[in-house]
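Working notes for the structure below.
We call the chains A, B, C and D, going by the order they appear; numbering starts again at 1 in every chain.
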């Protein structure tokens, strides 16, 4: 058991706070001989990095990753993993602690401030400390390693809903993601979202979102009944991301309205399936179809409208959160969700290979 | 790591198939001195037991639990836990294997049949084997032990949606649950659901549902950032239940449509909260408010309408699932969801006490 | 984490007390398709069974194992594992609780009585409860399954010392084990031990022993640096057996007196080794040579000579342990040590295959 | 499961190679509010640091630890733990890789070289890579944190045997440890050992040793039957240290020669014990007496006498290990053994508190 580890055979332990010296991850169990350089990781970190558009926090972080251990020169002269733990470190550079003064003594409604104090008796209030979404940089770095362990699998994520505005499934196009800063797969909606978010941002407000992650190329049989189910691990993985309040696989909550006839993914020779209501998972095992996960991200609690709260002494007061924040934290959750999908799949690939061979 | 275990300090390992000799659970880590008899467990098993109304499978199982180990006579003469593993066994009595002939060679669309064969090279096809919802009897038994570990916590579950029919929140009344066989907290809807399910059943069809589990009395601070989050563990727990395709905490997917102002659960002295959008969990820690979890249950794949599928040899064919089945497996998922909530909370209570004391 | 589980991918959870209804094990993670019947297990249980010679306790137990789950008919008609948890149950039949009256209120010096009461506030004093060596029947049953997972590996154990009497290494002969009831590989010493143990038994005394377990056929590379070392897991496995106070690999404590020149196991092409001081493990990984583990078993605390002790109320008193006991519990520890070796190796085989493939 | 983690509630994950950028540890689960600065850790690292006498390797390492995360300013202005993961980093400064050229292509007999290559297909041969005793610096750093979690416990270690020379128990005096560089508690033997080691060193040879670790102040009841036994965890902990080949608790292997009468630690009111053959552990639980563990350390394989071996291509050759090495690696194993004892005890303290409360 470990509060800050995830996975079993491919196991990631993260550390670090928003404003500490550094944050990072130790990736344990990565197979040996996997080509890995800092550049392989940096690209994914850059996708998540703040300050890349007006829709994300203006905090400036280089987010440069260093591989401290676990790699060496392989037979072909490339740097490869050695099978020993891979420590990844990202130093914090832009910390501007002065922005967070009021947070030290007052609890933001909807934030972890109060519960951390209640549990631990103290908290590192600078930028949210350990509860800051900054920790997700470590996840993204680990996820980049995980992708290299399952080279036949393609993992992509997109934003499919911001506030009340959902994409049109008929217009879903992965190639659109490179053309807007919102991970939006729908060209029309990308433009509408931009306008909508400008309003949210100018109001000092924030808004929720839904992220969808799809993994293609997962073979049949990964996962394990009954408490090591692939979907159970995916649910935990996504729910562990900051601000996530719901997770669904395949049709998810819409399944509640389906009949058995509608829900059945009929099969033909191949084997192939005629539909994918299951989202690529049945009985906790992958079916060979795309694994489809969605998760809901609540709006950030850091807003400019005053909210009623209490201070550390229990006195009633109000709070306004200044500083640099995301109007929609769901945007930057997309690469984080991809990383968690990669980590879960890498782990289940190794677990499957352990029990079954291959 | 264990495929069939759940929890860390309060750890449950289940075993057994639908038509094997017996199924059961080993509960490890239960504190000593907790009064426990078979009667304490049997009541919860009876709630889950099949064949209690026309809306659940007509399989007849006594579902009598025996405590094989881990209890002894305490100082006051009552039977109490000793701190050693508590083995719980339920023998299978009504197995009628002849009902399941066709399942042996064909895959039910939407069922785990195909993936089990693909992963393991064989499967116990009798009644679904390990993938049968029959395993949930073991969860319910373990959950009954878990409840005794957290006596100040009240855990209740209800069905809040069947197919397109949702309860009216204004009519939500826990006391209604004793008055209908559908775990429905809304008297009006209970009657509508009964009519609706009669139609579903007569058509040989099935329908999905949404279950809500509420835990009251959970103190602030249970849980652990960042991968031992209370909500991450709840998500895994619920997603591990048969046929579950989505899990949400508090406002869940509806959070995606909320602004930061709407979503913030403002605080007053006490401390108290003015709302519970968070569903009792912030930053992975309990807030002291009711913990509210919902999960979506898909319709069972066992239906009378022929569906296209393949057989074990890969040939295209059709299948009709005869036998005794539930028109809405969501109904019997209610006590199972309660049990999983109890197990997660008992585990986090012990984990919290380990790290923090008390 | 689990107090009563062992292993990771091949994971064994045991339950049961000396005088409860039953004891047993749940084996999780066993690969599918492994031929397994109760007869495969029973032979090993019979080796461990009490009452087989005058040198072991006269308690009579049938020790009949039942497989409750996890097996089914395979393609060739044989019963094979399915990849789901294998529950093994052994009912307790000869319990004669009346023998243990005095133990209920007094602590046997050198026994777990006092510490169980101090930790748990109560204990099942009948026959030692959970701390009884009777639990090792569950280990032996699980070990029989483990052996089937690693068919190329031969695991054998022998007693190499009883009290001050050590075997002569020059006379070591595995085939002698079938000719004496003491697992003695030295024909001369077997006879001396028998005389010696008769004296010990007649005096109502007990004596310690050293057991050696050898696994042949383990390929190079099983294990994992640095906290999943093969030898670290073997050390934990053996130390977890009742009454064990020391564990060593290869030359063990004798290594302290060796120079680097003496200790080096030189290598030749093959690769082959010119010696095996390492006992088949270097850097936590198997070398391909026989894995050699020895463990010391202390004398049982159940003796007829009065010993000073206290009762549950803290009053000073004396105790004499009547009942049926082993003069040398080390004898029956031999099949238990074999079982633990098998479980550790099966686990590391699967872990190796998970990380490396094959 | 994690290859490079140790413990459950107090969980340590280490990373790093001998000649990588840095090595370190992530300590997860440390209770909040524990005063902790780098100075608290540095003292223990300095004890282990190489190059402090002519009896240890002349490699020069600053071994300066930095706390990257998990601490913050507490209520009293001191730096304290926050309950979040504590990342500890030690940069490698003196790497002199040129010393290790021959090791790249040849296997040192008695070293992990061959098995790493066989398992992983490559290895970081610089200074032994991950298998270098340099990793133990991370253990010592983590152990310093562990000590702060169990302030009432005193942990001390000593060398009790070098080669054939054992200390005289009658002269055992903890205060002697400050007067010699060999962690020797026997003033007479310290001087003899120095002479003996000078000879070993001048011959370019090496020699084994036995280390004893004693923990005083451990209350009764820490540990957990049957696979979470305190002594099983101690055995794994010590066996996981480089070059350790045997572990014993209390009388250990000498128990094999004791009768039940001799071995029984009789009890008197208090409760108190009249002896401590058990080494402070019975039935896997602490007794309240000092916990006494000994472990055997084999001689290092890095010696100047040529040994027969093979190269990476399987060709027969000889090897002489130049470079800077310890004539007796057992010396520097003393603070490492202390650290492992501290980690195991901190973990069991938290586990005990979780299950039992307090």
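Here, contacts are C-beta pairs under 8 Å (C-beta built on N, C-alpha and C of every residue); 3 or more make two chains touch, one makes a residue touch a chain.
In this text, all values refer to a predicted model and were calculated from it rather than measured experimentally.
Chemist: Between B-C and B-D, name the chain pair that shares the greater number of C-beta pairs in contact.
Modeler: B-C
Chemist: Looking at B-C, C-D or A-C, which pair matches A-D on over half of its contact pairs by residue number?
Modeler: Matching pair: B-C.
Chemist: Between chain B and chain D, tell me the centre distance in angstrom, where each centre is the average of that chain's C-alpha atoms.
Modeler: Using C-alpha averages as centres, the distance is 45 Å.
Chemist: Using Cα averages as centroids, what's the distance between chain A and chain B in whole Å?
Modeler: So the centroids are 27 Å from each other.
Chemist: Quick check: how many Å separate the C-alpha centres of chain B and chain C?
Modeler: 38
Chemist: Touching two or more other chains, which residues of chain D qualify?
Modeler: Residues 1-5, 8-9, 14, 29, 32, 83-84, 119-120, 130, 225, 351, 355-356 of chain D each touch two or more of the other chains.
Chemist: Within their complex, state which residues of chain C touch chain A.
Modeler: For chain C paired with chain A, touching residues are 1, 8-9, 29, 31-32, 83-84, 225, 350-351, 353-358.
Chemist: Spell out the part of chain B that touches chain C in their complex, as residue ranges.
Modeler: On the chain B side, the touching residues are 1-5, 8-9, 11, 13-17, 20-24, 26, 28-29, 32-33, 66-70, 72, 74-75, 80, 82-87, 89, 119-124, 129-130.
Chemist: Using the touch definition up top, name the residues of chain B that touch chain A in the complex.
Modeler: Going through chain B, the ones touching chain A are 1-6, 8-9, 14, 107-112, 114-116, 118-120, 130-131, 135, 161-164, 200, 205-210, 220-221, 223-229, 231-240, 245-271, 274, 277-279, 282-288, 296-303, 305, 307-310, 314-316, 330, 351-352, 355-356.
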